[in-house]
Every structure is written in structure tokens, then in C-alpha cells.
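Chain lettering (A, B, C, D, E, F, G, H, I, J, K and L) follows the sequence in which the chains are written, and residue indices restart at 1 in each chain.
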């Protein structure tokens, strides 16, 4: 079971800037914890970060056939990118949308997600834990699919 | 660590009706799984369901001082109840909002939550797993608070 | 053929208050007329009134398996209750929505119904006759279903 | 007691096209059933269909003095015609608005009626039965008026 | 002159929670002060609090004939309850709407009241004084009515 | 100087129905007064009324080359007909829009005119005088054009 | 019969600025023509211009008892002044609203008038002729009132 | 392969009026070119124009069974006619919507089409070429259908 | 304790015009009653009325340092004046907003106040009593501040 | 005559994913057919695809001077990219917007195009044929320009 | 080169009130700095402040012919005054709009300017520097005009 | 003092295309003038242009620690990019937003900026001078910060 984790724009700044909002945990630390949890859950994770919408689209496209699920924090593109939405819908692998902050407590324009409409589900507001919960959700979703398929 | 789990209106029908939408898992089964997970995580859970807005408000009020966190699926009241929001805000214990279905893939009027604005975070779309993820999120949140408090 | 008739909030005041708007017919009189019509149509009716959203939800839930159809005047909850909508959708028996006054000639906020989207149909504006027409509509609907089922 | 029944645009196609939406009952069959019901209720009905907004306006205008009530399914003009609304208001005879389908379960633009604001009431969603219920509603309304006038 | 005072949902928490927003005055203290003021004004007050919409509707209904005026802080139901509005309109006794906080300085969704449209007037933003002002307003309103009636 | 006067839908009912709203003046009387005023102003008027949108479009089209100006009360089509707007724009003769009632004191949906955007100007609210003022406005407009053209 | 004519803000610039939009006619010329027309119609006119909202309010207030009708071009205050509206409604004399340009062909924010809702009617788009038509409309309105009063 | 081409309101004015907007090509010329192209593509075309909404509805209704496809420029009715939409949906033959001008560069109210939701596709902005492209689109669509059917 | 009372535009007409809406009490009478109440409460009041937005702004500015609180009925400027809001916010003395009529039962455009967002609270709908309640609210607010300051 | 054809984001997935929506034709097949049609029309085509907004902007910029027209399917950027719109407007060569699916039958957010306002025209809904029609439209547009220029 | 600088309502309070928002710089200090900068740039400035909309309109009107440019901070009238907009448009001299605070970081109702649509440009958010930048912008604009005019 | 100047999408076309809108000044000329002004102000500037949203995000990220302020013309991304906004907020250096044209005189969709909410201020409408004013604003802002820090 291979799972792709994608971090969207500005998430590379994590832990070094706006620490009052996003905390002091760095992206490297989050990635490290995801790898630990992956081992614990006996799955494999691959992680990328990009600030470019087109580049994220291409990684999603390439996920088809290579990965069983996608855990994505689309960052600011959550609210503006129909292209990411189309890529997720097009590639057709189960996608879990995660957010560090609770987007429903922030500015009006952050309270709409183009991705949610094509995702399995959304996890929002638990800081770095959002990723861990997202990875668990992906694994649970895939195992439930396998269980159903076996019947 | 004591955690209150509240199920809102119509969730008592779970697994017996609209199984194409909500699956065949019953509320009893979900509650049983939550108790198992609670034992695994070394916490205690108490569970209630109600169809009445006022009754839910009262259970939330009483949670103050008795429980460390609240995991709530407010069902239809998610979209209409300012009273539940005020109860959550008033009682002041960390609250995790969960939904079985991905509310952002449903009717327009289900895509707004009055609770999200006063919750720690929201988990939406993972079926019965939403509750398990919500319980994990609550425990992680409380343990992070304890860790911070100790410093 | 058993039909449940539910009256929503404030309908117990009927005929005693705001008689310029709602007329002088009391709820008892309406119920009496419904029973007469039921006998004429060879069906049975059961009638309840409640001012509580949660209580109405529970009566609707209990209608499953016991009644063949529901005739409901949701009163003010027409415009605010997603919980009633979910109960109607969840219980899955044919539901006829009725209103004494023509809700489309009243305040803007009364011109939207959460129930209509899950009802068979809606009858609005014929005073006490709205109930009689609703009962006839329910019976005709059930008989058409039976006729189809026999084929 | 003479009652005019008007069918709006495209209703002449009934039963021959889009039978999945509107059923297989033809307009002739509906008209025949209305005439039977009229005899049963001891009233007389006259029926017309037109695809033209201006022609419908003229039939409504001519109904003044000749008919005691109007039962109208304005079809698509329900949602776009202020002229029909003005004709109904101008001619001043009691008007019952009927719809085959439940317009509140259809596209957003079909969920508003210009006629409802000047009609006695509206019946929506009972297929061909909507007309029969509309005729009954008209007769009940006229008889109630007569009863009041006699006092 | 008998006046009913109703407190809506979550007002029982007053003075014990969110004291930064609502102050440290408890509901008991407010009720005590209202009774003192009532004696000073030579009127009688009866006070209830409920978290349930249906229960509030019933208290309002029962106020008819028993009380001369109603002073109500509908709390969160201010913004969502058409049923309370209908109860106030149905029972027909003069109603004064009061709020502890200035609802026009709070979230957008708190800046609309369903009750205001059927109330004599509204008093908002003076903390516990809002109730005292509301009681004075009710008495002044009733005495002006009596003065007019005597003419 | 030849001027075409067009009356839209339902204006043939004038003076015989809804006399509380539109007064008791009949369309014939208005037309007679327009002819008198036309003689006084030394111009010629031709008058038509139609309930059909298509027929009004055709009269407007035919006005090109035959008439120097158009005075039109589009009635209900004011608010719904882009086709009338296009006909007025297409035929290119100066057009004066008139209304018996002040449309800005009526229902929200009557407060927008598709014609105003292609008319010289609009006169609204003076009863039968609106037509006389409209004819004067047309004549003044044409004479000002002639004066400019002569320079 | 005494009629007050009020010109709102910036109308003193007329004929000297933005002549492409408003033409080269000056306010003095318009006032002169209004006086000629007044003599022809055997009425008396008084004319004022002000750039101040408060000053216009005061002239309208003082018109009560002194003038039989008001012809007003509220200029920019048309779209923003509730105070002018209240003054017109308060003073209670028949008011005719006029505009030089057709406000319905201009910017969106100019297409709403606070005055129209309390005016007898509105005349818009005929340049300086709008005033003459407005004066005629006022006189016709007053004479019709007198005729009715004599009956 | 028989194809019906319908021109909506005011298109009979083409080439004689508003030539700056719509060019100098007349409707006859467009029809002639469509016939040439039809011969080139070995199909047959029939052409009608009407200013009446009802008449267009009837031509569309009659197209059922007689024509294989419909190419329609609904003109102003594009933006206001639900009746045309229903006729197209009811008759069920493939429909291509064409516009001379690019409706998305024009007034806001021209940027919505009721027809597009039931058409195969839309072609907008290529002047008289829009019709030729529409005819080609219709033929290609029908040939693709035939190819699929043969399989 | 010195309190400034400001009356906005058209309030000088009170009691002489639109008496069906605003009653027959004159502004002088209201001012006299305020002075009596002030003596009873052992405070001093100063009263002004103005129809000019700029003049009201200046009185508010000058209130700084001279008065302890402001009771203002901003009349029509309630709904349109950001300048009054800024003056109230700028001068920083506690401000009580009062209205004779219940603004939430009036036209849509009167249901928003620019002042409420910077006022202590709002009292609306009690006729002349609104001022007396406003004065009491101001005094209570100031005394509560003094009590707090002493601690 | 050189024509640039640009395919936007996710169009590289064509024919391999979501084949129920977009069919089984691949982008290579479409490009091949465009080249055949180009030869038939005696023009030359160059084709590119990109998932990056910035990259598409640069190809459009470079089209100036090198290509006579642009045929573009902007994919998801249709609905979100002002930068593409500005590039098209900036480079100034005739641009034809094409879409495989009928965007007016899809989600609300897909029914608005930023490109349409600066394009010659739009072709939507004909599958792979949309491109062929777009190429024909481009050639016809250029030939009409040449014909005009020669005069 | 003479430049008029106008300060709108409440700017006379600058530096003495709400210093947390607007800083401690007084209007006199700003005016002094503008005069220094004017000398440095070899232009002349005249400065006024008013709280009255009508008075500001009149100063703008009088600027025509006397001043080469206008630098204006319309304060609260920015968001509500069409009269100021019309005065600026009417007088036709280049106008620079300046704001102390960044209006796009403030309340929703402050994020729209009626002046911007008729101004050369807008400078917002640089505190007292906004005026200096505005004066520089005015001078640069006038010198560019002169340079163009010389060619 | 080092200042980064960023030019967004399509600004590389400046002076060569759409010269009627943006003038004939090229980006090179603007950059040259900025360098001159920088020398005059004794600061250093670095300049980049990019058409890619992701690339702009990265330059902004890298500005942290290297530059003291950012002057940015985000071009079309002003209106669509939450990612740029987040980058500006994340990197935390003072940012000045500039626009060549007055965006408040352009299309509706250009009248909203995602950047303004996180910028120090905005300068819009002065052509190439907007950049010079922006550079001056940045320097003044930094010097004021230094002055404050020294205290």
C-alpha cells in the first residue's frame, strides 16, 4: 500500500514563519512523523512539496497507477484551483484533503474548497495531527475497499 | 481522560435506513468500536444520542467539568443551530466536529456548519471511521495541551 | 391503509388566535373532518400535534413500518428544520406536505420549504381543505403504487 | 358552477415524450378524468391548451364573467410570465395553480412561481392527480364562498 | 399587571462561563433585580429559562390570558426560530425583545432577529440592564395602552 | 410627425378591472385623449394594443420608416422581455416608455425594466396622464432633433 | 397653485461642465422656461438649488403649507439620501421626481432611487424637458385632486 | 438526414438594422449559404423565423419525428424562455444552439442561456459563420451517433 | 454627569406630521420629559436637533470632554452615514442609539444601522419612551463604569 | 496561415481517464485530426499542451507575430485565470475558445469563462469535434478579415 | 501649478483621538509637511477641511479654473457620497484620492469608493505619507500632461 | 536598505502591446527609472518579472532575510492568487502593492485584490509613476520603522 502525500504552496515555510498561526513544527518534522506512522501502519509514504499549481497537477497525474491513495494539503490552491480538482477527479485514486488550521474559522474566502467535492473526506484544524489523521483515514479507507472487494 | 461523544438527530436510524447513503453500520456498532478504541488509547468515553436541539444543548452544558473533550456529530443541527454553537462556546471544552458523509459533496445547505467556527477542527466524509478519527484527534489534542501545560 | 397526520408548532392555537389570518376552524374540527374523510375513503388516520422539533422527528421515525403515508403540516419548522427533512428522507414513507395559508403570498422567509425537496408533493393555501386534499393525495398515491406493484 | 382548466406550453406533448419524467398519461386522458370528476361533483369544466403566452392571457381575460374559477397549470410560464400573473389578478376569479411534478425538487429556476402570489393556492407533485385535487380545491373554495355569502 | 420574563438557551450558564463576553452576573442575580424593580413599579413578574425551542413556544402560548406582557431574551433562537415568532404573533400579548450583548457588533448571523418583526421593540447591548430597561418598557407600554383605552 | 402608441398585455382590461389600482379610465378614453392632444400638438398618432409578445415585436419592427417615434407601455413585458428591448434597439426610432402606476412603489420584480436601457426616457406613475406626458416628451424630443439637424 | 422646484447637488454646474453628458442648457435657462410654462399653465413656481442634503431637507420641510406640490431633481442624493425621502414623506405634499438623464442607462448605483418610493411619479431622460414635463405632471395631478375633491 | 434551422425574434431585421453590431449579411443570405453547405454535406435543411415564443415552441414540437437535428438561434428568448427549453427537452432531438454575437461579451443579462442546459452544445460569436459551424456540428453529431449505433 | 441628546433629520417635524406613524408627541414634549427624568436621576441633559449630517458630526466631535455620554436618534442618517459612525468612534464617549419606531418592522433599508456597530447598545420601537429608556441606559452605564473604576 | 492550438491542464489525460465524461479519444488522435483538417483547409497548425498557467501565458505571448490565430481549450483555467485572459488580450491575435464538454451543463463554477470576454467566440460541447469546428471558425474568421482588408 | 488639498469629515480629530488607529500626527502637522514638500516641488498648495458633504461639494466646484489638481481624502464620504463623485467628475480637474489607513484591511463597507471611479488614481495605507505621495502623484501627472501637450 | 521589486504576469509585454491602455513605456524603462530613483534615495533595488504564480511565490519566500521591503505589481494574480497573499503574509516583510492602471475603473473582477489585505498599502492608477511612488512609500515606511525602533 503506497500513499502519496503532497504539500501545496508556502508549506515549506512551516515552523519558520507565522509561528503564532501555524506553530513551530517544521515540514521536515511532519514528514518524519508521517514516515513513522506509515511504518506502524505497514504502508509506504512518498512526500513532495511544491509552490506551483501546474507542478502539483503533474504529480497528481503521475500518482495514477503508482499510488493507492493521495493525502493532500492543497494550501492556498484549495480555494482557487479548479485544475487541482480536475487532476484529482481525473486520476481517480482516493484522495484525503487535510488542513493544518481549521479553515472554517478563517477568512470567508478560505471557507470554500474546490478539492472537497472530489475528495473522500476532509480533515481540518488539528495542526500537524491533521496529516497523521489523514494518513490513518487513507489506510482505513483502502482496507475497507479491500475487504469489500474480497467478498 | 473522559470524552463525551454526542450523536445528533436521526443518527439512531443509522444502518437501518438510507443504507445506500450511510452504509449498514448501526449506531451500536459505532459506539462499540469507539469503546474499543478508547480502551486502546487508555481513555474513557460516554455516548448519547438525541433528536432534540434543547436536549443536546443540555448535555453539552453538563459536559463542563465532567469531560475533557467533546466529539460531536450534530447531524442536521450542524446547519441550523446557533444554540448548539453557543453551548459549545459557553462550556469551553475542546470540541471535535465529525460527519459520516462528506458534507461538501452534498446539498448547498449542508455545506455550512455553525459548529465549525467554535470547534477545534472538523472531520468529514469517512463514514464510521470519522468517529474513530475524531476520538484520536481529541486525545492527541488533549495530550498536546498537557505537554504544553507541563512546560 | 394507515396514514399518520402530524401538526407542527403553534397549530394547537388554531381557531382561537389570529383568526383573521387562519380562520375560526379549530384543530379539533380539522381532525374530526379528517376522520370522516378517512372513513369515506376506507383508510385509517392517526393524528398528533407537537411544538417540539425533536418530538416531531421522533414521531416521523416511529412512522416507519407502522404507517403507509405521512401527511404533515410542519408549520414554522417548514422553513428552518433540516432535522425534519432528514427524518422524512430517512423513514422513507411517502410524505405529503400541507399548509393552511398560501406560503408563497407571505414573508420572504416563509417561501422556502426544507420538506418539499423530500416530499411527494405540496398543497398550500386552501385553509382546512389543504388537509383533506392532502389525505386524498396520499390515498391516491398509495393506490397508484399498489396498482403498479400488482403488474 | 363553471370551471375553466388551462394547460400551458408543451403540455400537449404529455404521455408521448419524456415519459420517465411525466409518466405515460396523455392530456386527453387527464381531460377525460377531469370531466368525470366534474360530473361527480356536479360542476362543469371547459379545457384549453396553448403554447402561446399571449393566447393564455386572452383566455384568462375572457374567463371573467363566464367562469367561476380557474384551474391552471402554467407550465414553463409559471417561472417567467408576469403577464399571466397580471391577467389572473386582473380578471379576479379564484385561481388554483397545479403542477404535475414537484417543482421544489427540480432546477433552481423552477422553484419560483409568478402565479402563486395571486392564486388561492398551489398543488404540486401528484402527477395527473394534481389536476383532480385542483378541481376539488376549486369546488370546495367556491362552495365555502357561497356558504359565507348566504350568511 | 403581570409580566412574564423568558430566558432562552444557554442563559442558565450566565456568570459562570464566557465571563469576558457576558460578565459575571448570574441569571439568579438578574432575576432578583427584576423582582425588586417589579415591586418598585408595582407590577408582578414570573421568570423561566429553557434550552428547548418547543418548551419556549409552549410557555409563550400559555402566557395568553395569564400575562399582560412578555419580556424575552430568545438567545440563539433569536436568529433561527420562526416557531417562536409565530408563537409571539399567535398569542398576541405585547412582547419586548432584550439582549445582553449588542447583537449588531457580533457575527453577521447574529444581526438578524426573527422576533423583532413581531415585537413592540428591541433593547440590545446593556448587559443585565437590558432586562431592567425591558421591564420598564413593558410597563410604560401597558400604561400608555391603558391611558388610551380610558379615553 | 407620426407617432405610434403601443399598449402591452392586459391594458385592454383598463377601467373595468382592478379599478382600485388602475382607476376607472378605460383604454378607449386614453386613446381619445391622446388623439385630442395629438391634434393640439399638430402630430398624428396611431394606437394598438396586444397581449402577445411576438405581436408587439412585429408592430415595433414595422414602425421603422413609418413612424417618427414610439410611445410604449410594455405592461408586464417591461420586466421580462428582452425581445421587446431588441426590437426597440433594432428599429432605432426614439422610444418613450410610460407606465400608469409608479413601478418603483410596487413589487420588487416590477422595479426593473428591460426597455429603459434602450429608451430615450421613462415616465412612471401619473395614471392616464403618463401617456399624455409621453406624447409631449416624444414631440419635444423630435422637435429638438429637427432643430439640431437644421443647424 | 404654488409649486416648489428644487435642484439638488451639482446642478448649478449645468451647461458649463460635462456638456457632452448634460447638454449646454444652463440652470438659469431651465428656470426661465419653467417660469414661462408656469404662466402658461396659470400657476406659480419658486425655484432653489442646493448642494447640501440638510439644506434640501429644510426646504422640503418648509414647503408644507406653503406649496401645493414639489418638483425635485435630487441629483446624486436620489441614490443615497434616506433623509430626503423622509422629508418628502413627512411633509406630505405631492412630489414629482425628475432627472435630466435616463438614470436607467447609467451606472448600476444610479439605477435606484430612494425618492421614487414616496413620489407620485418619476420622469427620467428628457434633458431640460424633464422639468417641463414634471411641472405639467404636478399641475395635472393637483387639478385631478381638486376635481375629485369637488365631487 | 433532415435538419431544421430556427431563427428567433428580430433576426428578420438582420442586415438592415444595427449593421454595426450584426453586420450587413441578411437572413436570406445566411439561409442561402446554409442550403449550399447542406448540399455539400449531403443533408437537407428547412428554415423558419418567428418573433413569437409560442410559435417557436410549436415548430420545435413538430420537429419530432420529422427532423434529425435542430439548429436554433433563439435570439432574445435564449435568456428568458423556459418554454423553449422545455420544448427542446420534450422533443428530444439533438439541438445545437448558435449565436451571431459572442453573448459573453455583451450585457450581463445576455450571458445566461436557458437553452444551453438541454442542447448538445453552443456556438457563439462567429457572425453568420456560427450557423455554418452549427450545421457542421449537427451533421458530425448525427454521423457519430450512427457510427455508434451500427456497432 | 452631563449627557448630550441629539435628534437627527426630520425629527423637528415630530407630532405635526405622519402622526399615524410617529404619534402626536412633539419634540418639545420629549425634550421636556427628558429634562424631568434627568432631574429625577440627578444628571444634566443638553438637547440639539439638526437636519445636517455635517452639523451632527460637529456636535458629536464637540461632545468630547464636555459630556459623559451621548444619546442619539440619528434618524435617516442611521442607515446612510459612515461619517456619524466615525464621529462617534472618534470622540469615544459612550453612545446610546435610540429609535422611535421599531426599525426592524420597517423597510429593508431601515433594518441596518451604521451607528450600532460603535454604540454601547440600541433601543428601538418604544415611541417617546425610547428616549427615556436611552437616558436611563446611559446613566446606568456610566454608574457601572464609575463603580468599576473605584475598585 | 499559421494557427496555434493550445490544450490546457489535464487534457493530456484525455482518453485514458474519466472516459465516461470525456470519451475515449486521446489527445494524440485529436491532434492528428486537426492536422488532417489543417491540410484540407490549406493552413498550418502547431499544437502544445501544458498544465502550468504561467507556461500557457508564455506560449500565448510568443504567439504574437508568429501565428495568425489561436485555438485554445483552457481547461480548468477557463474559470480561474485572469492571467490567461490578459495574455490573450495583450497579444491581440484572434482567439477561439473551445471546450469538449458543454460547460453550461456542468457545475455552476464551470459556467463562467474569463477567456470568453476577450475571444472572438466560443464553441462548447461537441467533444473532439469542438476542436475541428474551432479550427474552421479560425480560418473563416481570418479569411473574412483578409477579404475586408483587400477592399 | 496650484493644487487644492481637501480633508473630509472627522479628519480634524486627527492625532487627538483613536491614535492607535490613525497615529499621533495632527492635521496641522500633515498640512505643514505638505507645504514643505510643495515648496520643494515648486508648486503651491491650498488646504481645507470640512465635515459637511455639501461644503466639500462646493469647494470642489470652485476648484475649477483656480486649481490644476485636487488631492482629496474624502474620509467617510468615500463610501457614501455620489455627490462628491459628481462634483469631481463635473469640475474635471485631475483628482488624486488618498487614505491614511489601508481601506482594504478594514470593514467591508469601507472597501468601496465612489470617488475612485472618477479619480486618476488612489493611494491608501501609508498614514501621513499618503498625502505626500498624493501630492507627488499630482505633480507628476500634471507634468506628464504638460509634456504631452507640448508635443 | 534593499528593496525587491516584482512584476507579475504579462508585464513583460509592457509598451509593446495594448499601448492604448498601458502606454508606450517598456518594463526596461520602468526598471531603469526605479534604479535612478533608488540611487537618489540611497537604497538598492532588485527587479524580477515572472508569468508563473509558483515562481512569484518562491521569489517572495526568498525575500525573507534578504530584502527589507517588497514592491509588487501582482498583475492578474492580484485578483485570483491566495498563494501570493499567503507568501506575502508568511515572509512578513513590508509589502507595497502597485498597479499601473486604476483598477477601480476597470472590470468588476479587477476591483478586488487578495494582496491588499496583507500589504502596507496600495497605489493604483498612476502609470509608470505608480512604481516610483511605491518605492518612495517603501523607503518612507522603512525609515519610519527605524525611527520608531531607535526610540
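Some observations on this one:
What we mean here is this: contacts are C-beta pairs under 8 Å (C-beta built on N, C-alpha and C of every residue); 3 or more make two chains touch, one makes a residue touch a chain.
Since the model is a prediction, treat every value here as computed from it, not as a measurement.
Following the contact convention of this document, I is the list of chains adjacent to both chain E and chain K. For C-E, the matching interface among the pairs E-I, D-F or H-J, defined by over half of the contact pairs being the same residue numbers, is D-F. Each of E-I and D-F has its own count of C-beta contacts, and the greater count is at E-I. One inter-chain figure worth recording: chain E and chain G are separated by 46 Å, centre to centre, where each centre is the mean of the chain's CA atoms.
Our note on geometry: chain F versus chain H, Cα centroid distance of 32 Å, whole angstroms.
Shown for chain D are the residues that touch two or more other chains, namely 52-55, 80, 117. Chains touching one another, given as pairs, are A-B, A-J, A-L, B-C, B-E, C-D, C-E, D-F, D-H, E-I, F-G, F-H, G-I, G-K, H-J, I-K, J-L, K-L. Of all the residues in chain K, the ones that touch chain L in their complex are 102, 104-105, 113, 116-117, 119-127, 129-130, 132-133, 136-137, 140-141, 144.
Chain I makes touch with chain G in their complex at residues 8-10, 12-13, 17-18, 50-55, 75-77, 79-80, 107, 109-110.
Within the complex formed with chain L, the residues of chain J that make contact are 52-55, 57-58, 61, 64, 80-83, 85-87, 89-92, 114, 117.
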